[in-house]
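Supplied in structure tokens, the structure appears directly below.
For reference, chains read A, B, C and D in written order, and residue numbers begin at 1 within each chain.
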Amino acid sequence: MSFKHQLTGRAPALLRQLRDPLGLGKSAQSKRSATLTPRTKTADRMVQSVCPYCAVGCGQRVYVKDEKVIQIEGDPDSPISRGRLCPKGSATERYVNSPLREMKLKYRRPYATEWEELDLDTATDMIADRVIAARAETWEHANEDGLPLNRTRGIAFLGGATLDTEENYLIKKLFTALGAVQIENQARI
Amino acid sequence: MSPRERAMVPRADPQSYYGQPVLKQPVWAPEVPFYFFAGGMAGASAGLAFAAGLRGNSELERRAWSVALVGLAVSPPLLISDLGRPERFLNMLRMFKVSSPMSVGSWILAAFGGATTVAAGSELTGLYPAAGALAKPVAAALGMPLATYTAGLLANTSVPVWHGARHTLPFVFAGGSAASAGAAATIATGLGSAAPARRLAVGGALAAVGAAFVMERSLGEIGEPYHEQAAGKLTRAAGALNLAGAALIAARGRRSRKAAIAGGALITAGVIAERWAVFRAGFQSAADPKYTVGPQRARVERGESRGAARRAGASNVGSVSESV
Amino acid sequence: MGHRVLTLDTRASAESYGESARPRMGFFTDTSLCIGCKACEVACKEWNHVPADVPEFSGKSYDNTLSLGANTWRHVAFVEQRKPVGAEAAAEDLVEAAERANAVDGFGIQTYQDGDGVRWLMSSDVCKHCTSAACLDVCPTGALFRTEFGTVVVQDDVCNGCGYCVPACPFGVIDRREDDGRVWKCTLCYDRLRDDMEPACAHACPTDSIQFGELDELRERAERRLERMAEAGQTEARLYGADPEDGVDGFGAFFLLLDEPEVYGLPPDPVATTRDVGQVWTGVLAGAAALGAGIAAAVFGRRR
Amino acid sequence: MGSNMAECHPVGFQWVVEAKERGAKVIHIDPRYTRTSAAADLHVPLRAGSDIAFLGGVINYILENGREFREYVEEYTNARAIIREDFQDTEDLDGLFSGWDPDTRTYDPESWGYAGADHGQWATSGEQTHGAHGVELERGELPREDETLEDPNCVFQILKRHFSRYTPEVVEALCGVPAETFLKVAETLCDNSGRERTSAFVYSVGWTQHTVGVQYIRSAAIVQLLLGNQGRPGGGILALRGHANIQGSTDIPTLYNILPSYIPMPEPREEPTLATFAEMQGPSTGAWAELRSYTTSLLKAWWGDAATKDNDFCFGRIPKIDGDHSNYATMLRMLDDEVKGFFVVGENPAVGSANGKLQRLAMAHLDWLVVRDTNMIETATFWCDSPEIETGELSPEEIGTEVFFMPAAAHTEKDGTFTNTQRLLQWHHKAVEPPEECRSELHFFFHLGRKIREKLADSSEDRDRGVLDLTWDYPTLGEHAEPDAETILQEINGRNLETGELIRAYDELKDDGSTSSGSWLHTGIYADGVNQSARKKPGREQTWVAPEWAWSWPKNQRIMYNRASADPEGRPWSERKKYMWWDAEKDCWTGFDSPDFTRDKAPDYVPPEDARGLAALTGREPFIVHPDGLGWLFAPSGVVDGPLPTHYEPQESPFENPLYTQQQNPTRQLYDRAANPYNPSLSEVFPYVLTSYRLTEHHTAGGMSRTIGYLSELQPELFCEVSPQLAAERDLVHGDWATIVTTRTAIEARVLVTDRLKPLEVQGRAVNQVGLPYHWGQRGIVTGDSVNDLFSLALDANVHIQEVKAATCEVLAGRRPRGRALLEFVDEYRRKAGVTGHGS
């Protein structure tokens, strides 16, 4: 239909007015308006997702173009939310594309007053060393009665409740194997 | 209300939402009232020049065409600089819409501009007299609506003090235009040839003041802004300046060039003040919800209109629109 | 007189699309279902990339965006009202509630936004997409136009920011964006409509307070809703802008309100002043004639 | 109650609105008149911290007027159970139950048990209690019972006595709710319960964040069991959780006291074997009887081939817990330099946790801190811009904490499941790659584990075997080597190790090491090799239960205990409320949902002599996680602060407990620290009740909302909601500033004076409440003081959750002092209140 518009009715507005004397309707329509389409239609793909805010679990449709999220809106298929979203859910696209979002790793030395840059692999490596050291330093083999404890309380973890189930699983698995018991979550708070 | 009660989320006010205006303030800049003045002067001057030409008063004719040309020259810049997107000023001629005085006015201004440039040009340079002779009546004819369409432009908005004056405002602007054209010509023309200009200045000034008075009266309550704040001061100033100028010209304008010039200046200032008074009154009128809600609510109470809200049971076959 | 003809033609402007014309689409905003979540405000801005401007705390209940404008195309109003306080009042509410519920079984009773001692009204306002739209009539460039869906839209590729539409709108909806120079308002998501999608605000609204659809169908739905509420004793409910006979010949986006329109900041009897454009032109011409006469008199008048 | 659903769960609230449209009545019982109240039929304001008294009143009303659903109560609850002779009630002991030990400030719950039952294993601590653990019953039968419910020692009679004092008058005096309003609520609730109708309770953290939080919910459970509203459509107690996967973070926890699916963490024991563990923690009847199979399968999932019969399936590798290792206890150890390193992932304790100052001071004692988030949050920058920097209590030059801030991937940048508030696991598909250095938690922890294993590869230390033997070879995808989330979900689902097939239901799990499952409740989520959580069949193409959208644990059941939706004979209680019923032809349970019951167990089933596990429960016992299959009106086990709810005042209250000399919950956890002072009860220095809450426009600690312009502009500043009366008392000016003071600190907020907050008449005098939304901090587009800085650490002993929904405070007009002056200002109030100690 928009194609048809391009072929016809593209004479200057003033001439198009001959068929729309008051110039309030079609004659005033610009070429851009005549060929307008929503960005959801020109997206490369849409994937179904779930809102990251509260626990209602509203369905979301995430539209992607050129490997960038261009729109997130309610998923009408969801029997939970029926396509609807609250203000936070409706702002999700702004959240994932937020200009304030941090994309680079930052490192602060003891007693330093500024951040420094640090690459991901080095950082992970440093953290691994610190975990091993803290663990060795604070390992509790048994309690005063000689009963086995087999744990460390030198490392603590506090997770938010926007982590995936699979992530929580892996975290609990790793830390339990490392003997760390102070593994906690927003669910406690 | 005790101060205590005031210090809280204001409890629902039957008249408005937290006292906020219903209408948006106009976004127009100070250029606009000056254009009202310049355009009006140009239009009326073209008429004066043409008439003077017919009357054979060639000095007055030449001077008046010059004034028209000056008024015309400053108009487009004033209008364009007021646009949010000046580079798109040509879109003003993208369409022709009878429902929009600004659209029609743009076409009038454009046509008047062409005609006046030719008319005045040939008058002043003596070139192409044929074309000039053809352009002069056209310019004069277009000059009249050019001077008054701006009143229609304001009247065609939701601003109560403007829309309420749709029958009277054009006469205020007509009088003002006449006065300003007359005043300008009086200043620019020698005593001998300036008699018609003086008559036009004096008559226009009196007409403008009279029309403004009638307008304020006919507006009733919604005319309040003309007596308050900036608009109030300007209205009083306009009246005083116009009357003083008219008096001075009438009394001594025939003998003293100085007095004529002074009188002309006073009237010019008076006309500008009048344009500003109307302009400011619109802002004040839009800013206070009482001017919007009050008359509408009254209409509904009086049964002249059913209003836009309807409870259950009320018939939705309006008899109102027919009775208007 | 003449204005009748004109406004009739104004309505006809949708038909300038001939066979490509679509049924007139609009909103029915049922404020009795609004929970004031402001999803509509955010969803609108997100879809249309409307800029955010962070204000100060307003103290006007939970409203900090305050009104419709160039950067707010959906606006949720919050009105706090006092009601008879005390257990009696509250308890009664429920008793009556129960009785009325039986009276109109199936539909139940809504003591909407009705609490112990206070009533908290919430309402999502939007451009009315008037049948006779003053903004559209006065626009000199044709930037504002009526779409094939009967909605009123500004074309930002045409608008030159003359600002005429701003004081023309009887609702104070449309406004000029400072840094941009053009005017902006709700487009009823024209681009989405062209792909048969519903506007972002209606799509997001959690409680269906914002309903989108063919205007005729919405009007019938609203009529039934009003009747039901009346039966349930909700006599303060009223439709606003649902009738083609009002001053703008009917809203394309109308409302169900629980109090007088002005309480929500809406005009009780809005009029498209452009319906009087006939009178305006008469005035302009009369003025012009008078001017001509005046000049003639001044020039040809008898010499003293 | 205790929930502001319309504001905090707006999209879920669409169903409430719809129900209301169909005639349901919505009652909102909350200290503040909120957007939820505005949409309700009735708003009942009550004093924060008095909910148990209100619900106790409802229970009393039901019992006094015989409004209980008699058949349901007789058949499906433990009303008929006889409790031990030596049980003593709070009514006998002035606010204490029998078994109280003043030295340890804990209960020995032995005397709360069923008469005649074996109580060898009552000594389960709060860390260990998950309802049923430890109750040992012969064949799952009540040892002694009285069907007539007349025996003075039967639960029903004890209940009557216990709640008899919660009269409408007491409710009025204690909650500030007029008796007639209370009665209206009680009547409405009863009228809307029974065979034909059901009523539901909705709660959120307004109930949990108290020193008696668990008992709040217990009270509702008693009401719902008495009215027969459990396990039935339109009934239940709905916990509305506040985060996308907070339910999932509990089911497959990052919590110190449980392993996946609520398997308790082991404690140090003489005989630390899987056998003893299973015996101590698992009853022989009910769903928990299979604890050993569940645990063995978990161990097989984690240690794979390294887990063998001979090494007890590596059970010994699991670290032992011997006390409260929860978040707040850990922060206090941190303050004492006992914690070296801290991972904070997608959490913002500097703003979100109670006593924010203590949180921040504690982190300054760390050797290293790892913060992973999408935005730079206050927790990551405490060393340079926390309020303590301004007051001079901290300065970067003196903070030795090494800080790693790692940018995280958003949900659109990774595959995985969120478990919503109704136990529904919903898969969210990855839409795009995470930008720059942003990575998922899956990515970070997988590679962290990989590196640790590499570094420890040649370690001979026994302690390192646990991590070295761990199954940690997940396939990775894409340029960033992202571990495959579906593989992990399959591990969670579990396999039959002989056939290699994916487990279909937890009944298939074995204790001989022949099965693996990372979480027994989640078995079946990958049944038939299909990711059931990724099912997206449109709701409109299904029944109203929509069983083919996503997957819920256990066994895709949408309503738990749904056997109770049918009468003892297996017939629906009523046509209106039919949900699950016994199909005599097909000899199985059928209906709209999958049965939370053995599918082919007939209503008339009687367990054989030697029966154990689920087989030991009869065909008319719906609450299958309990060893007796009954709903517990009286909790003989599992709750550390009493078998029945009792009203105690909050830690900080302007009122005396009118019921007992015991002012507060005797078991509440307090921390006598300089950085954690408490406002004395009844203190005139802190005359107002303080409560914190959320707004629709923001999210929790603000990291996901203060960083977004579209949300920030809707609620730009922190404000406090106060009544016109309070404003008058303190000359607060609407729209101006107020300072709110506790012994912890003072913060400033804009003043919102509103009729929506009403002073309540409690114990003959008016009390004003102050409401504060807690979303603000120092960073983001909109900033403000952090409300949680006002609160103390006073915890519920069952779950170690802080009391931030009811405290006391003072309110003053104007802004707070700055810098050092703030400390002196607060010290002055401490002195006035007679609180010793100086903020460390």
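Definition applied: contacts are C-beta pairs under 8 Å (C-beta built on N, C-alpha and C of every residue); 3 or more make two chains touch, one makes a residue touch a chain.
It should be emphasised that the depicted structure is a prediction, and the values quoted were computed from it without experimental measurement.
Asker: Looking at every pair of chains, which two share the most C-beta contact pairs?
Answerer: A-D
Asker: Computing the C-alpha centre of each chain, which chain sits at the greatest distance from chain A?
Answerer: The most remote chain is B.
Asker: What chain is most central when centres are computed from CA atoms?
Answerer: A
Asker: Round to the nearest whole Å and give the separation of the Cα centres of chain A and chain D.
Answerer: Each chain's C-alpha centroid was found; their separation is 25 Å.
Asker: Distance from the CA centroid of chain A to that of chain B, rounded to the nearest Å?
Answerer: Comparing mean C-alpha positions, chain B is 57 Å from chain A.
Asker: Let me have the rounded angstrom distance from the C-alpha centre of chain B over to the C-alpha centre of chain D, please.
Answerer: A distance of 71 Å separates the two centres.
Asker: Approximately how many whole Å separate the CA-defined centres of chain A and chain C?
Answerer: So the centre of chain A lies 35 Å away from the centre of chain C.
Asker: Tell me, which residues of chain A touch at least two other chains?
Answerer: Correct list: 13, 22-24, 27-28, 72, 84-91, 94.
Asker: Residues of chain C touching 2+ other chains?
Answerer: If we look for residues of chain C contacting two or more partner chains, we find 6, 10, 37-39, 41-42, 46, 59, 61, 80, 82, 137, 142-143, 158, 206.
Asker: Quick check on chain B: which residues sit in contact with 2+ other chains?
Answerer: Residues 9, 11, 94-95, 97-99 of chain B touch two or more partner chains.
Asker: Give the list of chain A residues in touch with chain D in this complex.
Answerer: Against chain D, chain A makes touches at 45, 47-60, 62, 64, 67-69, 72, 76-82, 84-92, 94-96, 98, 100-113, 115, 118-120, 123-135, 137-139, 141-143, 145, 147-189.
Asker: Give every residue of chain C touching chain B within the complex, in rising order.
Answerer: 4, 6, 10, 59-61, 66-67, 69, 77, 79-82, 121, 134, 137-143, 158-164, 166-176, 180-183, 226-227, 229-230, 235, 237-243, 245-248, 251, 257, 259-271, 273-274, 276-277, 279-281, 283-292, 294-301, 303
Asker: Considering the complex alone, what residue numbers of chain B touch chain C?
Answerer: It comes out as residues 9-18, 20-28, 43-44, 47-48, 51-52, 54-55, 57, 82-86, 88-89, 91-92, 94-95, 97-103, 106, 144-145, 147-149, 151-153, 155-159, 162-163, 166-171, 173-175, 177-178, 181-182, 195-197, 199-200, 203-204, 207, 282, 286, 289, 292-293, 296-297, 299-300, 305-313, 316-318, 320-321.
Asker: Going by the contact rule set out above, which residues of chain B touch chain D in the complex?
Answerer: Per the touch definition, chain B meets chain D at residues 4-9, 11.
Asker: Using the touch definition from the top, list the residues of chain D that touch chain B in their complex.
Answerer: Listed in rising order, the residues of chain D that touch chain B are 724, 727-728, 732-734, 752-755.
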